[in-house]
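Look for subunit A in each of the two complexes below; its partner is subunit B in the first and subunit C in the second.
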Partner chain A sequence: MQFTASKQTENCLLGPESDSQRTLYPYVTGTSVVALKYKDGILMAADMGGSYGSTLRYKSVERMKPIGKHSLLGASGEISDFQEILKYLDELILYDNMWDDGNSLGPKEVHNYLTRVMYNRRNKFNPLWNSLVLGGVKRGEKYLGTVSMIGVNFEDNHVATGFGNHLARPILRQEWHENLSFEDGVKLLEKCMRVLLYRDRSAINKLQIAKITEEGVTISQPYSLKTYWEFSAFENPTQGAVGSW
Partner chain B sequence: MPKEQANWSPYDNNGGSCVAVAGADYCVIAADTRMSTGYNILTRDYSKICKLADKCVMASSGFQADVKALQKHLAARHLIYQHQHNKQMSCPAMAQLLSNTLYYKRFFPYYSFNVLGGLDNEGKGCVFTYDAVGSYEKVGYSCQGSGSTLIMPFLDNQLKSPSPLLLPAQDAVTPLAEAEAIDLIKTVFASASERDIYTGDKLEIVVINADGIRREYMDLRKD
Partner chain C sequence: MFRNQYDTDVTTWSPAGRLFQVEYAMEAVKQGSAAIGLRSKTHVVLGCVNKANSELSSHQKKIFKVDDHIGVAIAGLTADGRVLSRYMRNECINYSFTYESPLPVGRLVVQLADKAQVCTQRSWKRPYGVGLLVAGLDESGAHLYYNCPSGNYFEYQAFAIGSRSQAAKTYLERRFESFRDASRDDLVKDALMAIRETLQGETLKSSVCTVAVVGVGEPFHILDQGTVQQMIDAFEIVAEQEGPAAEPDADAGQEASAEPEPEQGAAAGEGVAPMDI
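Moving on, here comes the complex of A and B:
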């Protein structure tokens, strides 16, 4: 075994420069975030798990946070990078408040700022390893957007990150419509989160649903979804497979 | 110690096709509105078309983050030009600016495949086509993006471009009327959507002529 401490971690994209500070892979990660526009604003859901590879290391990670007066940010991916982004946004909101001019940054502006930050980090080959969802309402206008770790961004009526793109978006495409009521919106989000719970191995059954309207942000207390495991195929999984492996 | 490999790519292909056709006194620029990644559709309603100047419109497909950054860069440069010269940039001027901007990042390119369309200083339609690192050419029509290999042969067949080697130089702009050109573009995208998985959802058409700029939409296959 070699115990040499190597100060030079070469990155093939950089050549001989020693820069061991760049992100190579994520360590503590959060899984999907799902969000949709409804009648009064935005609904967003995320579970509270922080995985360390295949270990479920943290079970009370808040992956959704209010930003300023008008926005709500949800993140999947590296948790420490999410915390860094919150620090950047703290400073952004602070400077915005210090103008004291009666104007405040809306969700569109915050989303644009985040897109620029993510793209810039990607340009320096040191990405913030997150997929972000930014939702909010300002002066009656609802906004819901997303930005990935390499800076790909767009807005839509419903968005999801990670596994949510594969499992939740199809459900939302089928069942979302304009002017969903709050109850219907929550039911739809819970339907998506339940599918993710069944099929995403990094999902846990402890989630929060956040709502943002013109009045402000409410993030629910953590709760669990009811699940059903009594399917006959689960009870006797090898039935009908006698003789096969 | 062997070099560590990066396990992420700074690029992604978000797909889509862009087309532009120049006429005697108009220019039509069109692109689909689908944004994809891998085998997923991210959104069905994303515009790839950006108005850079009064008579100059760009459509770009490729890596969306680079496209967005490029559009912002050019829009900012145009604003500075307007402040300094008190006039709008002409389409040929914007064409060269785009080429230079792309080549500036020759060694970490904007993964953006562009067609620039508009009216030149005499009011005649012009189309410029680019590759990702800025090599460009004035043409009568062009297409870029994931469906370009399907679309280009059809445009060649219908718009029969004269050889650029002819002397005296023959005009490449099409003699077709504006309505006919728009019809051709709709046909072209409907066909491309059949076979290219990254093209579809909706078609956005921008028409520039002496009256100004107008926008049209058409539904495409959503599968």
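Moving on, here comes the complex of A and C:
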């Protein structure tokens, strides 16, 4: 019989599970998700990249998924944890449908359920390493909210995760207004995604835009944004560089 | 119902395929003081007869608020009713906490019924001896359910349980078609009329009954005695004006009820027995 040195003595706070059972750091991650409310519902955009550290390893990761009849979930952070969340939600929606009684879980309910899940995991020092964006429409009411890996949650007219908070939100604060048309909403989202593409190292030029309205969810085919690199400063980048020796 | 050799255990079937203990539990409901419920498209009203044991004691609480959108009236073993109300309140508050949304009353009622069923299939338990009239609102509108000790539940437009509830049921059967589109106040008046039927001649006063309302834009609450007495006074006067108090169709706009035929015809020609006058 083999006895392995127990790690329990080092850190009694964490209970009987050994460290290999807790999330310590993320491995395959997705970058920003940006979303806004528009006239008919919610528009959400995310690129299709799954980074493995600084390597852009996977380039066809769908980071937005429909949930039930009324909601759309976008995630950044650890992709495997996102898949786990989708499993939980699948079960939740299944049991909701099985009641078959004319009641259904709307985006507000799903958002709150996710908040509870994320916060409880955080309390056990075993977080789901994601920042989630939950949008939807139910009975004409538009809903857009976000939950972080530590359980911080709120609703707003436009939300973003990760770098999106720093690069996209300021643009949205200036240019978002009530009752955007679909075309204007997409243009605004593309503007945000373009900035993220230029400035976020983990962004790739392959994105999807999803829309959710009373009728349902549509997720576009992947496409890329036009970018401009012909700035004169890029022609001879080392010209003005000062050497250090 | 007479004693027999199959009625000792809830887990014993009789040769006729009956569980006598469950049926005895339903008898307990019939012995409790009356409770009635009726609903329209947007409101549900619950009422019950509240007889105190003596003048010195207080009334027993038979109507419970379960959540802002759900309330329950009980008849039978009120202690069992209290415990089940606590369970219902717990379920509602847990759902609200997780989903920030009110628990649909239809789902609560199924959970309650499943809980009652368990007690009909364990040898170390007994069925709950209380019938519950659950009134609530959800996405699909206003609902009234009746939960039995047997673990069955039914949805009703109007119903009455407890002792002398048959008189109230007869009244409700005659009038239920008008309930769907009735105003909130008319619904409360109908509830008070139905309670009066169960009192069999005793004067209807706010001290012997309790009335509660829940509706769209109106959280569940028990009406205070003053309001109830006012409503009683309002329609008792109208009843006197109608002549002999034989048929208490006292609402404004109802034709004089000398002929019960047109109303029975309206009641889907089901052959409802005319009320004994």
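Rule of thumb we're sticking to: the second predicted complex is superposed on the first by the 219 of 245 C-alpha atoms of A that agree within 3 Å, B and C clash if a C-alpha of one lies under 4 Å from a C-alpha of the other, contacts with A are read in each partner's own complex, and residues count from 1 in each chain.
Criterion: a residue touches a chain if its C-beta (ideal position, glycine included) is under 8 Å from a C-beta of that chain, and two chains touch if they have at least 3 such contacts.
Since this is a predicted model, take the numbers as computed values, not measurements.
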item	value
Partner chain in contact with A:108 - subunit B first, subunit C second, else both or neither	second
Touching partner for A:150 - first (subunit B), second (subunit C), both, neither	first
Which superposed partner A:99 touches (first subunit B, second subunit C, both, neither)	second
Touching partner for A:119 - first (subunit B), second (subunit C), both, neither	first
Subunit B versus subunit C as contact partner of A:27, first or second or both or neither	neither
Dominant toucher of subunit A (residue count), subunit B or subunit C	B
Which of subunit B and subunit C A:182 touches, first, second, both or neither	neither
In the complex, subunit A residues that touch subunit B	6, 9-13, 24-25, 115, 119, 122-123, 125, 127, 149-156, 165-166, 169
Residue numbers on subunit A that touch subunit C, as the complex places them	99, 101-106, 108-109, 112-113, 116
In the complex with subunit A, residue positions of subunit B that touch it	1, 3-12, 14, 35, 37, 40-43, 45-46, 63-65, 68-69, 108
Contacting residues of subunit C [partner subunit A, same complex]	97-101, 104, 106-107, 110, 138-140
